[in-house]
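Here chain A shows up in two complexes: once beside chain B, once beside chain C.
Right, the complex of A and B next:
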């Protein structure tokens, strides 16, 4: 109970809650022309990517298993809904469950890889895993319609509803991350990341914890993938591409990997990318990519710990300055 | 027998790191293990901890066979260790690092935190509980690693060169701490050490390894006059130390 109180009372939580409340009010200002439709769509995408990055953060940020194949889980979740609704004509929830089951299988494979490989080799294996699924998706025509992709039909639901759902999903992932970080699970994850041998010698079955991390993270990613598929109503083999994987990890890294605030702050990246694309339009698409890339490089050069570390660094800097002042006074 | 290593052999290709090493430790003892560089001391420790699997022989704690057991199970049997280079978990705070050790016996955050607090108080680092490990100095970091190991509630604690890199006043603080661990927490200690002064002053018995073979054992006084040991390891160095 103490933990919850401390989490709610912290200053950043209040700021984020205020922003979320403002965003939640957006649909009220919608007019006949639908001028709020685009901001609502953007908010929905930002929330989804924050949620994706937060679930990636559990595996890579906490446990140190640097997966660049998270599109695998995302794609499985998306395709499960597509195939389930379009081909198998089953209930939506059954379809989502199917995605989770397949994701757990793939996560288990990645977990077994994690027992044997670490560092770059693990990263490469994770990329290969996503690529395998991409190949299956783009060649198994009977199941996935290959490059055409699958479109689904759903009752028309206002965008605002999806935005509220995305917000709820995002908040859920943040809460899950918070409780994992504060529990035995999170401490052990970080211990495995920092010094696996020592973690073992302190009684942690590190292989099992690495497996837990990938299972939790994979399941969450799959669920979010299913949600996004249901929202955009179409899926094609691009969902397995490294573009998705890298977008997920950019959001987490630019904000601050391994911290709860990282992905939340990193959500700004999605916004920036979309806005840039809007400003420059399709004729200058490459220019927007260049500008976004430049901004990313700049942030990583100035603050490798991510944007969310800035207040902490500033606080440390101020304390340093104050203690220096005190020292000078004493000298005088 | 509390802890027993019998006829343990480990070779890396043609190099025999441990050749039929046998030793016994009683409950409550402080036993030292010395030997020149490359004598196989750390290999023996790694085998006890389960990081390295012995080719043959057996290692038993209170009758339970430890060879072929994974490290985390050996820890739960009651053996903890500190590492040669005290890295610990650089990005965790001292409190959380120790809690990590406490989680070995419990899953409850509350119990683990309480236990970790008690252990940190025991070594007198309470004021540094919220500090990150990589911001601690070398002595505090060694203490931190010691507390984290102690938090797993071990019966046998292996210390691998705990005193390396400490200055002389820190060494005497650490000796006092190690003695308190032995007497107050009733933990049996098995120590690898290069600083001879330390090993001579705290251990009741010493084993000497050379080229993977156990060449002598006995009280520090007996060891220091054994011609074999002097030839293999102590040589002129110890004579100088004596004078």
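Right, the complex of A and C next:
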């Protein structure tokens, strides 16, 4: 209970809660023309990507397994819902469960890879795993309709409901991350990240902990993928592409990797991308991505620790300034 | 499928492998020796290809002039990319910065040149025909020339690293930065220059790619993954190994293309994972030689 109290009382939590309250009130201002539909959709996407980035953060931020193949789990979750509802005509929850089962299998493979490989070798192996699934998705026509993709039909549910669900999922991932970070499991993850040999010498079975990390992270990613598929109603082999994987890791790193606030602040990147796309329209789509890339490079050059570290850096800077002033007063 | 056409295709794959080798050598040097992860690698290769195309086909300049200008330009591009963007030694930051550069460059190429594929050389290369029984093995002369050229360039590169003062300085900085500083090497500038030199290799590779393959603005990701794959199979920082791994990759890839073209990428990736499971440090790196990189 102490943990929860401390988590709720911290200043950033209050700010984020206030912002979430404002976002949650958005559907109330919807008029007949549906002018709030676009902001609600944007909020939904931002929440989903924050949740994805937070689950990636467990694997890469805490355990140090830099995977650039998280689209594999995301795509498995999406395709499970697509295939389950469209081809096999089964219950939605059964379909989601199917995605989770396949994700656990793939996560176990990635965990075995992580047992042997480390660093950039692991990164590349994770990319290879995702690309394998992409090839299967784009060639197995009978199951996945290849490049056409699968569209599903669902009863029409207002967008606001999806936004609340996305918000709930996001808060759930944040809470899961918080508890893992504070528990013994998370501490061992950090030990594995910082120095694997040392962790091993202290009696931690590092391979098994890496496996835990990838299993937790993969399952969460798959669930979010299922949710997003049910929301957008269409899936194609692009869900396995490196574009999705890199977006997930950009959101996590631009905010601050390994911290709980990182992905939450990093959600601004998704917002920036969508707004840029809206501003430039489809005819100048490449120009908008160019600008996003430029901004990304600029932010990382100016703030290598991530955006979420800015208040801390500012505080330190102010304290230093004050102490300098005191020193000057004393000199006088 | 006769044995002679199989040999023909395999030789084609080996020759293309030489170019894959030279692409991945530069990447292997960047990551293995200089510790810089460059996710913008494929984007730079694509931009180089299109610059060559623009110089030779659109502007009608002398090919030799265009290629030399590109090489000099890429040296300075590499120098300034390291100097301005990649000063941080943190891997995550490097990944994100180069990803941003990659997004920028790829969409810049898409914006300027559009998505239409182009072919730079529309003349069929002359071939040697070797009769075997009643059939012939055909060997494209240009492909063999490119393979020989890439081998010569890589031998030149390793001689440069071993024999010249600058090469020795680079190796010293790679082995121990502080000690290199103590003996009077400006280590920061040396790394910048080394990064520029890796971009020279990249520009040569992009000229070869433009000669051999179709030019598309969206292939950057593919070349990046190719460079990652091959340099990892060889073992990071192993330049000679990367060249041979490129040739291995080219021949395996052409063999797969022959029998199961639909599943080409999937089989390559599965093979890659299997190879890495048995040789976690790459095929050509033994535990002994890990200590002395480059």
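The rule is simple: the second predicted complex is superposed on the first by the 318 of 332 C-alpha atoms of A that agree within 3 Å, B and C clash if a C-alpha of one lies under 4 Å from a C-alpha of the other, contacts with A are read in each partner's own complex, and residues count from 1 in each chain.
Methods note: a contact is a pair of C-beta atoms (placed from the backbone, for glycine too) under 8 Å apart; a residue touches a chain by one contact, two chains touch by 3 or more.
Remember, predicted model here, so these are calculated numbers, not experimental data.
Using the contact criterion defined above for the overlaid structures, shared-chain residue A:290 touches chain C, although it does not reach chain B. Shared-chain residue A:136: touches chain C; no touch with chain B. By the touch criterion stated above, A:121 is placed in contact with chain C alone, chain B being left untouched. When both complexes are overlaid on chain A, the residue A:206 reaches chain B alone and has no touch with chain C. By the touch criterion defined above, A:188 lies against chain B but remains apart from chain C after alignment on the C-alpha atoms of chain A. By the touch criterion stated above, A:198 is placed in contact with chain B alone, chain C being left untouched. When chain B and chain C are set side by side, the one touching more residues of chain A is C. In the superposition on chain A, A:100 contacts neither chain B nor chain C.
Touch criterion not met for A:214: it reaches neither chain B nor chain C. Counting contacts by the rule stated earlier, no residue of chain A appears in both its interface with chain B and its interface with chain C.
Within the complex formed with chain A, the residues of chain B that make contact are 49, 51, 70-72, 75-76, 80-81, 83, 87-92, 96-97, 99-101, 103-105, 107, 109, 112, 148-149, 151-152. For chain A in complex with chain B, the residues that touch the partner chain are 182-184, 187-188, 190-191, 194-195, 197-206, 258. Residues of chain A touching chain C in their complex: 66, 113, 116-117, 120-121, 124-125, 127-129, 131-132, 134-136, 139, 242, 246, 249-250, 253-254, 257, 284, 286-287, 289-290, 292-298, 300-301, 304.
Listed in rising order, the residues of chain C touching chain A in the complex are 31, 37, 85, 88, 90-93, 95-97, 99-105, 107-108, 110-111, 221, 225, 228-229, 232, 236, 262-263, 265-266, 269-270, 272-273, 276-277, 280.
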